[in-house]
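Scrolling down, you'll hit the structures one after another.
Below are two complexes that have chain A in common, paired first with chain B and then with chain C.
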Partner chain A sequence: MSAPSPHHPGWLARLRAGDGLGWPVAILMSVLFLLVPLLPGEYWTQVGTEILILGLFAMSFNLLYGYMGQISFGHAAFFGVGAYATAMLFTALKTPAGAIGVPEFLLSLLVGPPVAALAALFIGFFCVRLTGIYFAMLTLAFGEMLFYIVFSWYSFTKGDDGIQGLLPPDFFQDSANFYYFTLAIVALALFVMWRITESPFGSALRTLRDNQRRAAFLGTNVKMHMLANFVIAGAFAGLAGALWGPFSRSVNPGLLGWGESGIAVFMTLIGGAGAFIGPIVGSVIYTMLQAVVKMYTVYWPLTIGSVILLIVLFAPGGILGIIERRMRAARAGNQANGGDPAAGPSAAEAQP
Partner chain B sequence: MSGNILEVAGLHKHFGGLHVMCDVNFAMEEGEQSAIIGPNGAGKSTFMNLLTGYHRPDAGKVVFGGEDITGLLPHKVARRGISRAFQVSSIFGRMTVGENVRAAVHAQMRATFRLFAPARSLGVEETGRVLELCGIEPKRDLMAGELAQGDKKRLELAIALAGKPRLLFLDEPTAGMSIEEARSTMELVDRLNRELGLTVLFTEHDMGIVFNHARKLTLMHRGEIVVQGTPEEVRANEVAQKVYLGEHHA
Partner chain C sequence: MDIGPYALQLFSGLSRAMVLFLLSAGLSLIFGVMNILNFAHATLFLLSGYVTFSIFTFLSQQFGASPWMLLPAIVGAVALMSLVGFALERFLIRHTYERELPEQLLLTFALVLILGDVIKLVWGLENRRINLGVQPIEMLDTLVNPYQFVIIGTGVAVAAGLWYFLHRTRFGKIVRAAVYSRSMVSALGIRIPMIYAMVFALGVGLAALASGVFLPLLPMALGIDLDIIVQSFAVVVIGGFGSMLGTFVASIIVGVVYSFSILFWPDGALAMIFLILIAVLIWRPWGLFGTEMRS
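Right, the complex of A and B next:
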């Protein structure tokens, strides 16, 4: 049996490891995203905007789940805090007639991420002391606490009325313009995120995911890395939230609730947590499915429930996980060099 | 006492009512290669856990390189140059072999808070050196979790070696290995000790390996040090014969 060349370029291994998975998928998706506003009518452009914003939100969640190995059921707290920070500044800056200038609009967007990051710093300070189910429960508890504060503090947040009338400047009121604006911001955010996941910090996060104790014995300050990542994930969720208000023209306390947190979890599971672009693939599927299903029936929760059930049972790695497994099978077949293709990777590796 | 890289004085540890470490005094000279032996439950692993910060001693002092490191957290102990490899290989299963070692190198370089530098261009030389040294360079692109047992143990050793530690603890470095793998692993340990001056402390159940590769032995039994000395001295010791060696050489 021929040994694999020792100086393999490594891209295949990276595909297998999941970090580089889907350059082809990413490029294809970029092209498709650029073409969305060419579809007739505004509906699909708006669905596209939603895909991007929620996709960014799910991507930020996956920094915790896919890279650090901790599941958060309260990640929407930072999405909502970002949305409210932007909505409040937006409201303060707009004229009595309801109009807002472009600089004021951009300024109000900029305030979302840092405020969400601050909230994440405070909440993360407690959460990173725990792992696994305890981490998940604590994020859920903090998320629901923030939801309740926003829900009931009428004088400050307008409570369950939410904040209405977030009408962006004229130029951004056009669906296609707002879409391309969102696409540019999300693309930039994903590029920054990708750099982070490919950095020594990103690699340290993966060591925490796989084996926290070992990482500590190598000199990694486990809690500090978890906290830093929690804040980064919160900031990106806050950016997504900042875009949400002007997109939907309003914000409401539900944006902080566990239902919203669940969306990020669902999208990530559907797309695949093991691949960088998994959550945004999940967002495409989730959001489009919702857009279609809601046209015909009111049974959306039943539909998405069934989809999640199928994914968890039959494709635990999500859609990209299936692709990855097929590629690995193909690779193992190639390695066998025309030998028994059923031998699989284990037989190849059993050789000393 | 100068020249000692490690000095342990009066180490005590209780777990509930169980006295697992009782007044242990221990020292290692720089460049030494020694072994701790003893029956299961003697406290060998606990001893290593106490020295590397995984457990906090109830009493006693651990001095490394002239600095008091008693009760420091594991990552702080690691940064001072103490590294350890585990009995049950403790690796990063969903990363490749190369990424495992590279991450360890980054941790020792204290580069893990660099957010935007590409990981693959940092610590490349050291990563390559360690992979080469441990003979797992050809497997660098394989997923660590899918390695055969012997290779996992070699990767375990590689991770511990990344970043040039001054003192290396090996907890049963050859457990689960074939005779051939065990021999080459111990040859590597000897080489690290002789050529690079690395101070090594290992535990081992295989007395053949112990007597061939340790220049000093410490026999532990029920959380206490029973005998300390050269392999010949320990072999000749009556208590040692009774509590441990007897089972092997009866």
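Right, the complex of A and C next:
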């Protein structure tokens, strides 16, 4: 599924390119997200918070996959490192009674991204030398090693007990307040991410995604760009992790495991890696589906497994990919005036 | 020096290594021939363990309990799982050959989730193990379960059999040729899709053999497939994708290192394996016995 070429027409293409229709869609999604706490009961507000945090995590994964063309099976390491960094500072700053002040709370959140970025700098230094399946395996190996270190270093990380009692200040204990707080942070993060992907740096990444050798010929320092992107992706994953602790009131080693990395991969492929907002769309679908299915059955893995199977077999490119192909086919149909439907997509691609 | 604990770890490490080899040989073969990294390999191993258990229980009820009933149970499970593997390749896996790596991974990962829940639906949450009632024997200052020698013997025998198959039989030579150039093999008039399905069936059959042989030592439990598959990946990568010799050597390294690490750092023994994997990937990404060409 690769991330398709950037030069084809259609509103989704323009959304990818970041001009024109990108803003209306972004505003529509923002409005929908703003309305979530108006739903009755706290349940959907909490589901909404989960959508945002895991969506940010999946977005950070897609910086590696969609924009750099490498699949990481250890991205949760940075989510987990961010979560643990925040949780440890949080625990150190809170009073013996368990309360924490607002400045201390914010400070503990701030420490997540830089610590995760540092871990990404170290791990990325080795990983960016490889591509494809070897990149996937090395990220998996580093992720699993960190997982087992956190899992077994009881005196430092509390091992498989995890760190409990991460109760945020009173104001943030309210579901709606925490939701809006998360929404603000995630929206800001996405804006920064979008600026990065649309910058010359982002263009260079897409070039080396499509052809590393050509990018190198054009004077791009391929490894440096990949490392910088790896660190940026790690920092955003760390931010998502930092939010996760106070949201779920605890952290555990599972946050670093490859199952957690898999969630980011699922969300991205369900939504569509080719579109900037694809992972968030995937997070909405994945998390909502999980919230609904878990009400009725314990067989959630069977459900999501079947969904993924169907997507891989029948909808490569994810949900946004389907919409895009439909629209392209329709356009091609109009322009070719009833020409060979099989030639539709390629005809559309040939348009300037 | 008391060698007892070390001998104990050596034998358990070697038997673990042989199971890892049986599992990883199939994984490596499937990757080498079809370029598919099968995430579901250990889940098929787990499923097969439950199937073996059920056949064993059935046979014991019909013909009276005997440890020897494990033999027909394993044969039955291997045959059944090979058919399952054949069908999986024909109906699902082959649709992803033209796709990119992430979608292939995703398809087999979807199978991990689906098969895991199927096991839960059919066999429930209870662990399954077979007690053969083998008495430990005393040797090298310690008590060793002699069944471990059965596992080690099976592993070595299968390794030799695989070598013979790949180097001395017509079908094996075709499989090896397919690792190097699929288009060439196909141009010579050999039906590549059939080869693919049979290699996949062979790989799953080996996984079934691994779980059947290991059943008296390792209880089958939901979720162990997730631990085992990453270790099996480690073995395949350390040895080099597609290299049988590499897979054999890497299995011994991983099995023995794990076994001895448990003495010193019980919870972190797996971290040692990933440390080796990281070192190999940085130093020789194509593995100890792989060739650089294939990276």
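Assume the second predicted complex is superposed on the first by the 312 of 352 C-alpha atoms of A that agree within 3 Å, B and C clash if a C-alpha of one lies under 4 Å from a C-alpha of the other, contacts with A are read in each partner's own complex, and residues count from 1 in each chain.
Definition applied: contacts are C-beta pairs under 8 Å (C-beta built on N, C-alpha and C of every residue); 3 or more make two chains touch, one makes a residue touch a chain.
Treat the numbers as computed from the prediction; the structure is a model and nothing was measured.
*Asks:* Mind working out whether A:Ala187 is in touch with chain B, chain C, both or neither, as first, second, both or neither?
*Replies:* In the superposed model, A:Ala187 contacts neither chain B nor chain C.
*Asks:* Return first, second, both or neither, reflecting whether A:Phe126 touches chain B, chain C, both chains, or no partner chain.
*Replies:* The second partner, chain C, only.
*Asks:* So in the superposed three-chain picture, is A:Met137 touching just chain B, just chain C, both, or none of them (first/second/both/neither)?
*Replies:* In the superposition, A:Met137 contacts chain C only.
*Asks:* Between chain B and chain C, whom does A:Val312 touch in the aligned arrangement: first, second, both, or neither?
*Replies:* Second partner only.
*Asks:* Is A:Ser152 contacted by the first partner chain B, the second partner chain C, both or neither?
*Replies:* In the superposition, A:Ser152 touches chain C alone.
*Asks:* Would you check which partner chain A:Asn211 touches, where first means chain B only, second means chain C only, and both and neither mean what they say?
*Replies:* Once the two structures are laid over each other on A, A:Asn211 reaches chain B alone.
*Asks:* After the superposition on A, what does A:Gly262 contact: first (chain B), second (chain C), both or neither?
*Replies:* second
*Asks:* One more residue to check, A:Leu302. First (chain B), second (chain C), both or neither?
*Replies:* Touch partner of A:Leu302: chain C, not chain B.
*Asks:* In the superposed view, which residues of chain A touch chain B and also chain C?
*Replies:* none
*Asks:* Which of the residues in chain A come into contact with chain C in the complex?
*Replies:* Listed in rising order, the residues are 1-2, 65, 71, 126, 129-130, 132-134, 136-138, 140-142, 144-145, 148-149, 151-153, 159, 258-259, 262, 265-266, 269, 299, 301-302, 304-306, 308-309, 311-313, 316.
*Asks:* What does chain B use to touch chain A in their complex?
*Replies:* 52, 54, 73-75, 78-79, 83-84, 86, 90-96, 98-99, 102-104, 106-108, 110-120, 122, 137-138, 140-143, 146-148, 159, 162-163
*Asks:* Given the complex with chain A, which residues does chain C contribute to the contact?
*Replies:* Against chain A, the touching part of chain C is residues 37, 92, 95-96, 99-103, 105-107, 109-114, 116-118, 120-121, 226, 230, 233-234, 237, 241, 265-268, 270-271, 274-275, 277-278, 281-282, 285, 295.
*Asks:* Would you mind writing out the residues of chain A in touch with chain B in their complex?
*Replies:* 3-4, 6, 8, 10, 12-13, 16-18, 195-196, 198-204, 206-207, 209-211, 213-222, 224-225, 228, 274, 345-346, 349-350
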